[in-house]
Every structure is written in C-alpha cells, then in structure tokens.
Amino acid sequence: MTPKNHYLNHTSGFASWAFTLDHKRIGVMYLVATLSSFLLGGLAALAVRTELFSRGPTIMDADTYNKMFTLHGAVMVFLFIIPSIPAALGNFVLPLMLGAKDVAFPRLNLMSFWLWIIGAVFCIGAVVAGGVDTGWTFYTPYSTTTNTNVIATTLGVFILGFSSIFTGLNFIVTIHKLRPSGMTWFKMPLFLWALYGTALIQVLATPVLGITLLLLIAERALGVGIFDPALGGDPVLFQHFFWFYSHPAVYIMILPAMGIISEVISIHSRKHIFGYRFIALSSIAIAAFGFLVWGHHMFVSGQSGMANVIFSALTFSVAIPSAIKVFNWLATLYKGDIHLTTAMIYALMFMITFGIGGLTGLHLGALAVDIHLHDTYFVVAHFHYVMFGGTVIALLSGLHHWWPKMFGVMIDERLGRIAAFLIFVGFNTTFFTQFMLGSHGMPRRYYDYLPQFAIYHRISTLGSYVMACGFFLIAYYLLRSLFRGEAAPMNPFGGNSLEWHTSSPPPYDNFTVTPIAEDPYDYDNLVGDEVSGYKSRTYEGAKA
Amino acid sequence: MLSQFIGTGSNFWLPRQGSTSAAGVDFLFNAVTSISIVFFVLITVVLFYFVYKYRARPGHKAQASAVHNQTLEITWTVIPLLIVVWIFWEGFTGFLNLQTPPQNAYEVQVLGQKWKWLFTYPNGVVDDNLHVPPDEPVRLVMTSQDVLHSLYIPDFRIKRDVVPGRYEREWFQALEPGEYQIFCAEYCGTSHSAMLSMVIVHKSRPEFEKWLADAGNFLDKLPPEKLWEGGQKLYNQRGCKQCHSIDGNPGIGPSFKGIWGHTQPLKGGAQVTVEENYVRESILNPQAKIVAGYEPVMPTYQGRLKDKEITAIIAYLKTLE
Amino acid sequence: MMSHEHSPHLQHHFDTPEQQFDAGKLGIWLFLATEILLFGGLFCAYAIYRANHPEIFLYAHQFLDKVLGGTNTVILLCSSLTMAWAVRASQLGQRKLLITLLSLTLLGGCGFMGIKYVEYKAKWEHGLLPGTHFAPHEESTGGPGHGPGETPEHGKRPSNVQLFFGIYFLMTGLHGLHVLAGMGAIGWILVRSVKGHFGPEYFTPVDFVGLYWHLVDLIWIFLFPLLYLIS
C-alpha cells in the first residue's frame, strides 16, 4: 500500500532537506521545529508551575521566575503557536487540497523557514545569554529600562514576523492563482478558507508588530524617547501599537484551528459539513473584526472612556461568528456515522474546551467586569482555554488526521485515546482552577502569593504534570509509528478533498493521476471502511 | 468549607463585597457566568447525545439531511447577538459608575514605585497603607515614579494602571470598617508580587481624623533619644526596605547593617565613609555615588522626604550595628 | 494536450507563463501592502504626537533644509520616471536603453543617499539628535538653519523638542534603509540586464523591482511635506 517512491525518500541527505523547495518537506521541517518549541515552552511552563506549588521560593528566585514566564510566553506565542498550524500542516496540505504541485513561491517558502530558524536562534541566544524578564508583551517603560536581553529577543521576534508574513503572502497568492478549474471559491475545502483568513491577518497585522519592535529597539539602543514620558513620549502608545498586531495574532492562532475542526468533524462523521457558506464567511468576518478590538486589552490602561466603550462593543461582535461555527459543527454531527478516532476525539474536545474559552471572553469583554478581572489569573485561564483548548487541541486533531497522509503510517488508536484522556483531565485541572484564582483577585505574573490562594495553585500544578504525561505519551507513540506503524492506505478516513486522492505518503510532485475537483464534503462516491481505507469511484479506471 | 480557602464573606467565584460598586459588578459577573453555563450545558449535552446516538457501529450509516438551513442560521445568530448586546450594555453602565467619582470624594494622592505604594493625605502625611474614613467616597489620584504599576483592590472590584508622567484616577466607597488587600496588578519586575498594601477603613470619621493627626505629628512627638524609631518606621514605609536589608544580605541595594562609620567602596574605585552627608546625598541624589557591585537604580527622594525625616533615618542607621 | 514548449522561465508548478506572472504580480503587491503597514505605524506615531504637541513640530521643522529635501524629492521622482521607462524598455527588448535607464535610476538613488548624508551630518554637528542625545549647540537654536534663505528667528524653544528629531530620524532612517535595499535590487537587475536576461517574453523582475521603487518614492512624497513643510 505504501508507494515505493514518495517525497520522503525521493532524495536524501542534509542538503536535500535544507535546500528543498518541496512544500511537503518544508511542512515537515516546520512540524519538527514548532513541536520542539512546544517542548521548550512546555518545560518552562512546568518550571513555572513547580515554583508556584508552594509559597515563597520553591525552586528559583524571583528574577529567574520572571525570566521563566517570559520564556514560556515568548516561545509559545512566537515560535510555536503562530507558525504551527499554517506553516506545518498548512504548508503540507494546502497545495494538495488545490491539486497543485506546490505553493506559488517555493523559494519564498524555504526563506520563510530559514527566517524562522534565524529568529529562533536570536531568541534562544537571548535566553542563553541570561534571559529576558519583561513578559512576552514587552510593555514600556519596563522593557526600555530593564537590563535584560530585550534587544536580542525583539530582533528575533522581528525576524520571526517576516517568516510569518511571507508564509501568509505565499498562501494568499496560491489560493488566488493556483486553484484548479472547477474549484471556485465556494467549492474549496474549509481548511483553505481558514488559511486564507489567517494569511490576510499575517500579511496585514504582522508589519505593525515589526515597526513596534523596531521602535522599542530604537528606544533602548538610541534613546529615541518615543515611549519615555521624561522625553515627551507616551508609554501607553506602545500598548496600542503592540495590541494592534497581537490581537489579530490570536485569530492567526485560532482560525486555522477552526479550519481543521471543520474537516475532521465532517470526515469522521461521514457527513457533509453543515452551513458551508456561513462557516467560510465567518472566517473572513473574524479576520476583519479582529482588527477592530485591540483596545480590549487596555481597558484599565488610561485610554479614554469612549475608546473603552467602542472596543467593548466591537469585542462582542467577534464572539458571534465563532459561535456560529460551533453550532454548525454540532449540526454536522446530526444523523452522521460518528467514528471516535483520536482525531475525532480531539475535535469534539475542542468544542468543549474552546467553548469554555470563548464564553469566558464574554466576562472579559464586559467593561465593568473586566476592571476586576484584568491582569488576574482569570485572563490567564481564558487565553489558555482558547489557545491550548482551542489551537493545540485542534493541532492534535489535525496531526492525527493527516499523520497517515504525511508519513504513510497509522497511529496506535488505543494509546491515542489514553493520551487524549490524560490531556483533557490535566488541562482542565490546571486551568479551571485558575478561573477561580483570578475571580478571587489573584494577579498574574506573580512569583509569590497570599495563603488563601495556595490550594488552587497546588491543584493547578498537579494538573500540569498530568497534562505533561499525556504529551510525553503522544511523543512516544508518534515516534514509534514512524518505525513500527501499520502502513496507511491512500484514504484511511474517507475524505474527499484532493489530498486523499494521492498516495500516503504522496509522491514528490504530489499527484500521479490528475485529481478531479469535486464537492470536498460529498462522501457518496467513496466506498470502503476504516479498516482497509476508502476508494473513490470517481477515479475508477484512471491510469497513473 | 470554601470560606476557609478564600476568605470570609466570599462566594464560590468572588471575594467579599467591600465597596458600594461591588454588588453591581458581581451581578453582571454572575449573570454572564449563568448564561455561559446554560450555553455550555446545551452544547455539551447535544454533543454527547449526537455522539452516542449516531455512533458508528456495524450496519449503521450516515443519513442524508439538509446541509444548510437559513432559518436555523439566523436564529442562532440573532439570539446570541441579543444576549451579547445586553451584556455589553450592562458592562457599559456599570463602567460609567466605576469611572465617575462623586463630587464630595475624599482625595488621596497615590505614588507607585518599584516596589511600594505610598499614599499622601491632604495634610501632607505620607503612609504606606491607605487609611480612609468609613461611608465616604474616596478618590485616588495616582502616578508612577518609574514603570507601569496598577492599583487593584479586589474586594472593591476596582483597578487602574498607574502611569509615569501622568495622573490616573479611581474611586470607591467602602461598605464596612476593616482591612482590604491592595495588589499591584501590572508586572513591574523582581518584587512585583510583593508590592502589597492594605486599605484600612476606620470605624468612624473622628477615629480616622485622629489617626491622620497622629501620623502627621509622629516625628515631632518623639523624644530625641527615640528619634531612631521614627527612622525605622520611615525605613519600613517609604520603600527603603524593598531594596536595603538590615540583616547583612545584599539586595538590590547594599544592606544597612553595620555600615555606619565604616567605608564603602564605590564604582570607579574611590571610597566613602558612611556619615551624615553621604547618607543625605544618597537619599536626595542617589546617582551621585554608586557602591561597587550595585546598579544605579535607586529613585530620588528629593521633595519626598523632609529634612527631619532624613535626620530620623540617619538616627536609625546608627543603631544598626 | 498542447505541446510542451516551455519557456525556460516557466516554473514547474505553474501551468502557463501568464499564471506565473499573475501570481508574481499579486505577490509583489501584497509585499508592498506590508511595507505600507510597516511605515503606517510611524505615520501614526507622527500624527499622534503632532496633534498633541503642534508647537514642537512647528518649531523643530525649521531646522530641516527645505531645499535639500525638495531636491531629494525631485531626484526620486525623476528616478521613478527612469525606472518606469526602464520597465517599458525591457518589455520592448531595448537592452541598451534598459541598461542606461537602470543606471540613471541607480544614480538617482546615490544622489538621494548623498544628500541624506549631508543632512544627517549637519544634524549631528549641531547636536540635533533624538531623545537623550539631543544636545543642541547654542548657535543652532538662535541662529540660521542650513542653506540659504533661512530666517534667523525661530521663536522660543518648546520643551521636548527631541521628540520631533526622534520621529524625523526614525522615519527618514527607515526610508533610507529601504532606498538602499531598492538600490541593491536595481543593481542586481542591472547586472542581469547586461547579461541579456530580459526581453518581451520575460521582464518580470524589472517590473516588480520597479513597483518596489515606486513605493519607496511614494513614501518619500508623503514624508517630505509632513516633515519639511509644516506651517
């Protein structure tokens, strides 16, 4: 069943990977890179939670703790969560879904990857050289006056920003220009709509982060004074610039995740997606509205009351398209034939954990309540529920869904289920308690805390260890599958988007038989089952 | 049982209501929580029900059904929209209340610095806790000495960032006499989590006035041989303690233990003897002489410590052998 | 199927040269959009600080030399003309003309950077630098600015004048870096033009570098009045 020649063994040697123009190899390299970053950021998180297990110093002093939570945030946001789904899964799947041979600009794609590497070197270098202690948000004046390695880190993030911009640019042009005839916009798989919305944000928002970081570097290195009140500057201006990017950035994080859920829910319940147009257009709506709400991170910063009111109102508007998606996914399950594969379990888990994350956004969008909750653990819990309970869970779903396609092997479903259980229990234990910490007034980024918060911190820390076990189990069985996994058929789950109509793994130029664009969610032409895979009647008799 | 974990007067989610604004905030918090629970239960129940009813099993197949339904889409767009409009409106009106101090509020100036809150009362008294009279609105006018801080009083449900170079305001009216926690809620470096203080709501206005008068006079009332106690109080209250220990351990700044009358090595190689003039200069112009091995980060107390307060601090230093 | 008469420039993942060119065009326009957003942050900072402190901008801009700035504007406009003409020349296969026009464009870039150097040097000498480095020499706050025709009367100096110079150096500095990058790109296609790479069937790099250069010019056309011509 596994073809003899495919993109993984087509050529070999370090140079054939380091200088590859094959989007599939670039996707795999990004996968390794972003998952390694997840490991680093995760270890930092375990260190933070271990320190917080007891009051007072537990395993580190205050300065080290401050550097540790900064490391956790910066690595997770810039090295892992923003690139991961688009650059790893998106790079691999997008051209295949379009029946194309590659993205529009393969050399730019390789450059994106090397920019990621260079940016990572700067950031890790900054850590090795003593770390940064500003928090991943770099607020001025603290970031312009602290004597930790701010410039090295922000330069690294600046470079990573360009990696992201070029990936977005590549995807926009590919989707516009490399669609096959017959695949109009509303015949594209929803993962592509999601990647398109994401790419728009990457291209339009990231340059603003770029200029923000340049201004921060100029202030530190040249004393320009744009954020320094003593020199006529305004420290709150930094927050406006920073969040103008960083709020849309969270939609870079969640839109591709939602795209994955659309694919997995439909395929693994053998049912056409419900409300295709609404889901597709809600991705664009989220991308657009996402640019208008940055001020909701700044309700207590001193911006005007009028600004607060406008940002609060617009913030609620963004909630609606996300809710629409959740209802459409539920409706897709109706009268389906639901296979509880590991990929599907994660997709269903997403609706629960992202649901909680999204609903707690309502608390934070309400002005009067946000005054109390801002900068407390309630916010920390909210964003972990949407970023982890949303993006990471969806990434796991997508990884398990496309793993057979990418590597030609099946995953051990039993171990997959056990790990999913550990992650679900561990995650909720870690972060649900943090909602309570926050609403009771525990501020965030605190090295030490008052006695009444101790029990919550202990429970949260224990949850994080359970979660870690889940991840180590996933790493184990994924790696084991590469060596001992059962060979994967071309179409193990019965999808009808074009990537399922080529071998697992695909040949280096993607298709041996020219694929035929059809409704990607129509499974009527597919025969087979999950044991031996599915075959499409559309391709019966087609010659390779 | 929960109250032993989270303090008296509090419920499952929120701490006790210490101010007149707290009830309104809590009402909205609880309303949004209830709405969230309803939708969460709805989604979860439907999810589990569908997954059970339509689970794959031998002989079972997916059945054709509509792939879109305009009415359904509009319904589940409009209903959430109406709900969030209501939440926004309640949040907005509650915010107006939190923003707008009443006319006759008692005003206290607040200074945030790394890592101490300092409160200056109308009569010039400076204290490191926020003392207020009961049953009166209090307005805080706040600025920062250095980086961003944020003054957060969870029991009162109020919070506002404190920015260098400008003044921010927040207000509250306490419901009951007692003590209420103040946190710094904007990350500000090493001792961000130790930048704590208390609101002390006095039992009556006369009791508050008495405290205020005593606080104003405390140095004058001390006999000369006890002046060092005034210095000790200033050491504890005015931000010296955050950086200078009295047990010999170096902190952000040198320890005060045993330095009086001895020499300190300075950055650049020179030496200085720790006597009255050096101490006074270090308080008013700390960048003039930096002890070797330390960073020039001490803020100036020019205009913030009176001469007799400096004298009291000097008296205290002399006692630290 | 049609014959596989591929242009040597047709990349394997495109079906036709037109598709490849269209894709490239969309790509370069998207890139230009990102540049506009990058500068947009600086224009935004300019707008905010000028609205809040008009007196600083009114006072400090007098120390910029309008003649030099105006000359630079004319130079960049002319170089955009030669660049656009160069694109036309490449489309028509006029190799010698293409080389001449690209060289003139490059020369314009050098001229621009040369005048920039003169301006920056003068600022340095007069201590008119941003932020903590602002240390104006006495004669530059009371005496005439650079170049002929400047009036000696500048009025009373408002506080925080260094804010203007911070914005000035950041905006013109970032723009200058982009001019240098553009010059590098033009140099590269000049070399390729000499080697005869471009003609009616393939002129894409000339076209796209041209678009980039036009944007660099356009940004300066906004910078010049905003910084030099405040009244």
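Annotations
A, B and C are the chain letters, set down in written order, and residue numbers restart from 1 in every chain.
In this section, a contact is a pair of C-beta atoms (placed from the backbone, for glycine too) under 8 Å apart; a residue touches a chain by one contact, two chains touch by 3 or more.
Just so we're clear, the structure is a prediction, and the values are computed from it rather than from any experiment.
Because contacts link the chains only in sequence, without closing, their graph is best described as a line.
Taking A-C and A-B together, the pair of chains sharing more C-beta contacts is A-B.
One finds 48 Å separating the Cα centroids of chain B and chain C. Spacing of chain A relative to chain C, judged by their CA centroids, is 36 angstrom.
One inter-chain figure worth recording: chain A and chain B are separated by 34 Å, centre to centre, where each centre is the mean of the chain's CA atoms. Within chain C, no positions touching two or more other chains are listed.
Residues of chain A found to touch two or more other chains are 234. Put simply, chain B touches chain A in their complex at residues 5-7, 10, 12-15, 24-25, 28-29, 32-33, 35-36, 39-40, 43-44, 46-47, 50-51, 54-56, 60-69, 72-73, 76-77, 80-81, 84-85, 87-88, 90-99, 146-148, 150, 152, 154-155, 157-161, 163-166, 168, 181, 183-194, 295. Against chain B, the residues of chain A that register as touching in their complex are 62-63, 66, 133-135, 139-142, 145-147, 229-230, 234-236, 269-278, 300-302, 305, 308-309, 312-313, 316-317, 319-320, 323-324, 326-328, 330-331, 333-340, 348, 351-352, 355-356, 359-360, 362-363, 365-372, 374-376, 436, 439-441, 443-450, 452, 455-456, 521, 523. On chain C, the positions that touch chain A within their shared complex are 11-14, 19, 22-23, 26-27, 30-31, 33-35, 37-42, 44-45, 48-49, 53, 56, 130-133, 159-160, 162-163, 166-167, 169-170, 174. Residues 95, 100-106, 108, 165, 169-170, 172-174, 176-178, 203-208, 210-212, 214-215, 218-219, 222-226, 228, 231-234, 237, 241, 509 of chain A are the ones that touch chain C when the two sit in their complex.
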